[in-house]
Amino acid sequence: MTADPGIARREGVPLPATEDVAWDKAAASIVRAGRRMDERGWVPATAGNLSVRLADGRIAVTRSGGHKGFLTTDSVIEVNLNGQPLHEGDRPSAETLLHCQIYGHFPDAGAVLHGHSVASTVLSMTSDDAALHLENYEVLKVFEGQTTHATRLAVPMFANDQNIPRLSRSVALYLDETKAGYIIRGHGVYVWGPDMAIALARLEGLEFLLSCELERRKLLSAIPVRDVT
Amino acid sequence: MTADPGIARREGVPLPATEDVAWDKAAASIVRAGRRMDERGWVPATAGNLSVRLADGRIAVTRSGGHKGFLTTDSVIEVNLNGQPLHEGDRPSAETLLHCQIYGHFPDAGAVLHGHSVASTVLSMTSDDAALHLENYEVLKVFEGQTTHATRLAVPMFANDQNIPRLSRSVALYLDETKAGYIIRGHGVYVWGPDMAIALARLEGLEFLLSCELERRKLLSAIPVRDVT
Amino acid sequence: MTADPGIARREGVPLPATEDVAWDKAAASIVRAGRRMDERGWVPATAGNLSVRLADGRIAVTRSGGHKGFLTTDSVIEVNLNGQPLHEGDRPSAETLLHCQIYGHFPDAGAVLHGHSVASTVLSMTSDDAALHLENYEVLKVFEGQTTHATRLAVPMFANDQNIPRLSRSVALYLDETKAGYIIRGHGVYVWGPDMAIALARLEGLEFLLSCELERRKLLSAIPVRDVT
Amino acid sequence: MTADPGIARREGVPLPATEDVAWDKAAASIVRAGRRMDERGWVPATAGNLSVRLADGRIAVTRSGGHKGFLTTDSVIEVNLNGQPLHEGDRPSAETLLHCQIYGHFPDAGAVLHGHSVASTVLSMTSDDAALHLENYEVLKVFEGQTTHATRLAVPMFANDQNIPRLSRSVALYLDETKAGYIIRGHGVYVWGPDMAIALARLEGLEFLLSCELERRKLLSAIPVRDVT
């Protein structure tokens, strides 16, 4: 066991009382969440990223590249609110800025999850609407401030853009009214919450509802065509 | 090991001969059923709830909130037939009343399961019918009193309602004729049986049949449209 | 350890050299196959059944009832070629006759699997054809005697019937020409092979192809309707 | 431990320092990849095959037959660049030639994966196009040389052919421009990369995109038909 906390952060190594327990718990929750997302098929190839903001304000985020279903605590690095890594040689994903944007905008945000699903990809690429509207589902109650199914939440959809700072400026215009996360077209969803458990529950809730929406659209064609010109 | 049965009920702790073995078995069956439902995607976010009625009449039900795929025996609390918790500080879900309604109505009911599936959600939100009709499926034989596929069972569908007592009054009108469980639109299914194993089998059977129904409706559009006005 | 081989057959109990090793291997292969089928969703509720014919001619089949995904070696009983149990008190499923029919008809048959899938259920209930025709798939090579994709196999579909002897008489007419198994409408598939590994591979192959067929039929509606009368 | 490296290659057997560590790592990566592909349903029946090229140029490939989800290191044999086995009695699949073709054509190729999915099978059998075109997906960035979603990759589709040398001559014409793998109609995909991890990531990426394409085609029918002649 060396004095280097980086080496000490290996998963499964028992930590002496002076080590970074808070960091290790955060990293471990990211590793577990990545496995959960992988079981659902939401982190295909090396897509997706996950982050947690610790109580002391530090931000833990997944490194660039690497499969998010097979993370180890070494896959988790620290960045500041501008998305810059604190340790030399660490490379965060370009999308880290989108995680930091949420932490900067919402003081209570404690975890941010980004995944790719077939439902979010297909719905966002086959609709020109500015947002998907989810209405009347009981599962809407998993999102912040929602206490009934009898409501209608908008999930904004933004054009994909490899220029992440530019993309984040589009997102910024809608963050205040975003209750259920947002979608980047052909790219996936961003969901957050006060901690990892709630963020994961909201991601599950959103993906469940997107699957329902996709199935409903496939049923539209089951209506016999009677009106034609 | 203390004298507090609440603390003694931790999963995996060997119990002295005087402890509440019946309760622990009931709680453990709920934990396992929650995992099974989660594997199938039937308890997304913090949705769903599970209960068991013990031989001595006590009712064990899942606490409000919390993910039903990751239950521990601490997640299981006791309520009376009116859905009120027996231990101070315990908070049951509002839907506990629907579980208790089944125990009150059916003397032989020993377990009640409530899950959310894409199929039940989509079918109930795209049909105005008062019930889904399942006909000619061999799997219908898993439901009470059914001995042949050559039958037709109705699965009543009720409008969702955050006022659970009011919702239960609608349900009460149809319980006697409900053989395969019922659906709350956009909310999920309620299924029961004399014990957890049979309740789980019936939940699986119903969800299997709802998946078949959803697929059949998607095939309707495969019929070339030839008659138009 | 008693002299009763029935009690000695508990899974995980080490067997003395004189015990029924062949039976235990057969029972264990059935337990594993049941888990595999359950992972794929092919044994919902208590549906499905599995059997193996040992080298000495004995037939091991799953008991009536019970979930086929959670079998133990106690779930496996012996029957004769007429489907009758050899031990008093053992109750085989009524469908055991369909397993025995295959063993009687095909001297090389060593394992028979019956599962329920959404694809086989939906395809068989939405088509009036006497058989499903599978053509040009590479996976057709997993069936007996097939060496190319450039072929067309018929999967006969029989009306469901609670009178199993009567159903088996319909099946008997087509067994010789059945290369990829058969379907009972709204009830599921029957597949067999010289041993459990090949039977499982053929079941997987058939279900894969049925899934492909179901998806193709859903795509039919993607063709813009231009010809109408 | 004998002198026969074949017997020494059993998974889980600790190897003395003089044994073939590089081979064992390659074989183990093939076994793990087969399990991963099986979890996703991409190696149904005994379909699919996997290979790795070691740093010293040796090619390790899965034997003919056998279920690719249940491989052991004994399932992995050595072949030369012409697809011929190095050890007497070893039987490689006929498709081994397609793996070797990639190793011969691309000096940097280190792993080749061939799987069968419902999406690739159905899309390739319901389209007469010479290739599938994938456009605007973020996940396209997992393929070689791709740095943006704003691109369009062609996935060539070749007619199936039991004469593998003849099939490989068709493939040879398109290999240089193949960035995301290729499809054999009704047969599955071929994907490769500099090592197993990247090959697996690209296979996942391609299958994710094919699933998106299949869902999009099913949505086409959701557009109300208004123009008819």
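Note that the chains take the letters A, B, C and D in the order they are written out, and that residue 1 is the start of every chain.
What we mean here is this: contacts are C-beta pairs under 8 Å (C-beta built on N, C-alpha and C of every residue); 3 or more make two chains touch, one makes a residue touch a chain.
These numbers come from a predicted model, not from an experiment.
Its C-alpha atoms fitted onto chain C, chain B is found rotated by 90°, rounded in steps of 5.
Judged by shared residue numbers over all numbers used at their interface, chain A and chain D contact each other through mostly different positions, with under half in common. Chain A and chain B, compared by their mean Cα positions, are separated by 30 Å. Of all residues in chain B, those touching 2 or more other chains are 218, 221, 225, 228, listed in ascending order.
Listing the residues of chain A that touch chain D in their complex gives 41, 44-47, 67, 116, 118, 121-122, 125-126, 160, 162, 184-188, 214, 217-218, 220-221, 225, 227-229. Every residue of chain B that touches chain C in the complex is listed here, in rising order: 136-139, 142, 147-150, 197, 201-202, 204-205, 207-208, 211-212, 215-216, 218-219, 221-222, 224-228.
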